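Next come two complexes built around subunit A: one with subunit B, the other with subunit C.
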Partner chain A sequence: MFETITTRANHLVDPHLHVWAWQIPLYLFLGGWVAGLLILFGLKLRRGARPARDSVTYPLPWIGLGLLSLGMLALFLDLEHKLHALRLYVSFEPSSPMSWGAWILLIVYPVLVLGALLDPPGALTRRFPWLTRAARSIRWTPDRLRLLGLVAIACGILLGVYTGVLLSSLGARPFWSSGLLAPLFLVSGLSAGAAFAHLIARRSDEQRQMVLLDTRLLAVELALLLLLVLGLVGGGAVQKEAAALVLRGPLTAIFWVLVVGVGVVLPLVVQLLAIRGRVHHQPVAPLLVLGGGLALRFVIVWAGQASHWLHG
Partner chain B sequence: MHAPFFKFGAFGDEVGLIWAFVLGIGFGFFLERAGFGSAKKLVSQFYLDDLAVFKVMFTAIVTAMLGTFFLSRAGLLDLALVYRTPTFWVPQVVGGLLLGIGFVVGGYCPGTSVASLATGRLDAAAYVSGIVLGTAGFALAFPALRGLFHAGSLGARSLPEALHLPVGVVVFLVVLMAVGGFVGAQALERRFARIHPERS
Partner chain C sequence: MARFGMAIDTRRCVGCMDCVAACKTENDVPEGFNRDWITQELRGRFPTLSLEIRSERCNHCDDAPCVSCCPTGASHVHPFGQVVLVDHEACIGCKACVASCPYGARFIHPEGYADKCTFCIHRVREGQDPACVAVCPTHCMHFGDLDDPNSEISALLASRAHHAVLPEAGTRPRIFYLT
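Here is the complex of A and B:
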């Protein structure tokens, strides 16, 4: 029998963690985006009525299913031992964010499926008649719709927060060791959801609603980003070194240009101009928000892996 | 504090890219606000009935020139440290002609096409795609074009060096040329606006 003892002297961990490539940031982005879509969908259901077919909320569960599946595929590709993923479902570890995440994802799927089955589109029911039978098997009273909405909002918040907690719980990486990551990822996910809804909205009232919502979320996201950096700058020597990664280090330009400039400030300005009627609604701003959200996950994952407690 | 800031170590490459972004966004914003996001406005200078592009660009050149000249005289800017693109007159003449033809045909120059694309114009999207394809084509054809690329090397030269005149005299002459250009442009606009009234 061979026994391997792993200590901190592991080339994958010290001095820099480099076990996560593109798959994890992509998954975190898609997960946050789906969280935003779920919350928007849940908010629509609080009136106790199904979304109208011309409403932007109508396709959100279907789109959420597609995006989440893409994210799960990215997560699956990242796994070294793919079948070990099943072990996450044989127990629940309250102190493990990964265990929370695995179970949250398991709840999110049925909620999205229920949302999708509220009123399946004709193009799908003609091809798959069982969808109609499945949809009719549930009697959707206003109270049940409101309940589904509440569950969707709760799942969205849990999913959005979990993507941030997953990183911030890894205290061995100073850049991630901040309680602000959870609200930052939640707000960024919500912003991505609102931006996407703005992008696909056909009704002008919904377009205005989504622009207003996204503008407020972008303002909050900007404040959280600045607080995250300020919190690190105001910390000890290792936190200051972690902050230096985005203040003068190798991730400075990508953080301030792609994440803050292109992903938050520019769309914020463009949308403020659109709200005041100075420019027409353009797909540019929501596309920038989505690109910025993706860049945010990449920068945070890279910066966290590069930061360490070995001062100097 | 003395300029150029980058050369004196006020910031590094990464922060330099942030400044490039801020300046680029500012440049694009003012181009668009000046109406230069419209291909019709831009090509008007080739019909000589609206020379706004010529006037704005020449004003920018003169402003930058006077700014650097007076800052240098005040001891705030070391002109010797300002980067100057080396002159390779043969490829620069060929490239200038190609860019000019592209400008007339497509209605944009590279900067205005990006500013226009940001406002969602599809013709600008086609133009920018052309720039990307052209750049890729040039990169692929570079081994064959290497001779042309390095032809006519004159080093990094400035007008005062080439003309053997003091910097102040060249600055004065360029300002005179700009004033003359603006007066001439006004006259041309009046004349060609009468010839092509349907375009004004």
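Here is the complex of A and C:
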């Protein structure tokens, strides 16, 4: 017999940690999605795509700006001391992934703005003529565009990796104590970016390119998800308890059905069939990928908070 | 430089919760929250059972994850006794420190900042013991400098068997339970 009784009943901490509700999973999902869009945008620029001539490249920075702002709003809503939010930018704490994230977000914004200004819409240039000159100076030389592409890729990788490291650095939560979270969130974000690009692509060759990319990313994501669970199962007692949350606990159904089944395996199968010409390209697969990516962040954040070092 | 810690005699602690009440009064801890609490751990099989009663609080860990994860530096190690404290004005209430603590010792104060045990640093500066130690009716709690070999706490830890809670979490806690 081993029984622990405590008199503590602190709000958001007991009976198990639940400090982060919907805001942080949404923020992590949107951050990962923007990371994916940035990397795709950078890759397209590096390969010589020009926004005005490419239906995928053109809207990515604009959508990225909107999604990132939404994510920042979710993050802001989660803060308990909102009036002090700017303290994030008063100092840089090298040991804190959240501090890194705050500064990465500050770098990502201007990169997205530069990307968006490559070919500003007519409505904006008519109102602000200087935007045309700004756009011209950005796309002055192919080298300058390739450099912007490289910076966008670097920022995207940093942002995507940070969303995973933010959780995996919190060693008190055994479910998060895995170095696989960073590549998992990065690949999932890239997959969301490719799925979104598939949705907005107008030309069939663009669609096919995005489907091929997303199919590979989904395969990698599936492998990372399985490795994450296997790593926990093969760990010590607290890691095994954490794995039980998605193997025979309250999050089992949502993890295997929504995240793995509907969010990864189903779109993977649909897209493989589309690649082989058995079915037409459908928006259903990318929509499932986006929904699965969101569900993944919710399950990981919930499972991490439910896992702990104390037995019982 | 001093490095404050606590040794709590589990053979003397009766779980009366005087330490909890004293902390709430001394530090004006809001209703529904606790900076310290009582844990009872029952082990064995009837009739050979063993019961350990512990007065628990922030462990002021030597390798405090709440300090390293804080994005603003609000959670910090104070030079006075290397006590882990929170600067309320610098805290943004992101809750990373609450999630990073394996002991669940932190909570979000209704005013929005992260809160926890301070070892009653305001009392210790004036040469007094923390409130929980001062009121304990069984004198089971001992506070002092772990780096001073002549301190009472160092002598107790040198002479009595003791353990920390969750040493496997790797944070090097500074609250020890004498057994």
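In this text, the second predicted complex is superposed on the first by the 276 of 312 C-alpha atoms of A that agree within 3 Å, B and C clash if a C-alpha of one lies under 4 Å from a C-alpha of the other, contacts with A are read in each partner's own complex, and residues count from 1 in each chain.
Note that a contact is a pair of C-beta atoms (placed from the backbone, for glycine too) under 8 Å apart; a residue touches a chain by one contact, two chains touch by 3 or more.
In this text the structure is predicted, and so the values were computed from the model without any measurement.
Engineer: First (subunit B), second (subunit C), both or neither: which does A:W256 touch?
Structural biologist: After superposition on chain A, A:W256 lies in contact with subunit B alone.
Engineer: Applying the document's definition of touch, where does A:P283 land relative to subunit B and subunit C: first, second, both, or neither?
Structural biologist: In the superposition, A:P283 touches subunit B alone.
Engineer: Going by the contact rule set out at the top, does A:R248 touch subunit B (first), subunit C (second), both, or neither?
Structural biologist: A:R248 sits against subunit B, while subunit C stays out of touch.
Engineer: Looking at A:L266, would you say it contacts subunit B, subunit C, both, or neither? Reply first, second, both or neither.
Structural biologist: first
Engineer: Identify which of subunit B and subunit C touches the larger number of residues of subunit A.
Structural biologist: C
Engineer: Applying the touch criterion given at the start, work out whether A:G171 contacts subunit B, subunit C, both or neither, answering first, second, both or neither.
Structural biologist: second
Engineer: Between subunit B (first) and subunit C (second), which, if any, makes contact with A:A123: first, second, both or neither?
Structural biologist: Neither partner.
Engineer: With both complexes superposed on chain A, which partner does A:Q305 reach: first (subunit B), second (subunit C), both or neither?
Structural biologist: second
Engineer: Enumerate the residues of subunit A that count as touching subunit B in its complex and touching subunit C in the other.
Structural biologist: none
Engineer: In the complex of these two chains, what residues of subunit C are touching subunit A?
Structural biologist: For subunit C paired with subunit A, touching residues are 17, 20, 32-34, 37-46, 49, 56, 65, 68-74, 89-96, 98-102, 104, 106-108, 111-113, 166, 168-170.
Engineer: Using the touch definition from the top, list the residues of subunit A that touch subunit C in their complex.
Structural biologist: 1-14, 17, 19-20, 78-82, 84-85, 87-88, 90-91, 93, 95-99, 101-102, 166, 169-173, 304-305, 308-310
Engineer: List the residues on subunit A that touch subunit B in their complex, please.
Structural biologist: Checking each residue of subunit A against subunit B gives 248-250, 252-253, 256-257, 261, 266, 282-284.
Engineer: Spell out the part of subunit B that touches subunit A in their complex, as residue ranges.
Structural biologist: 11-15, 17-18, 21-22, 25, 118-120
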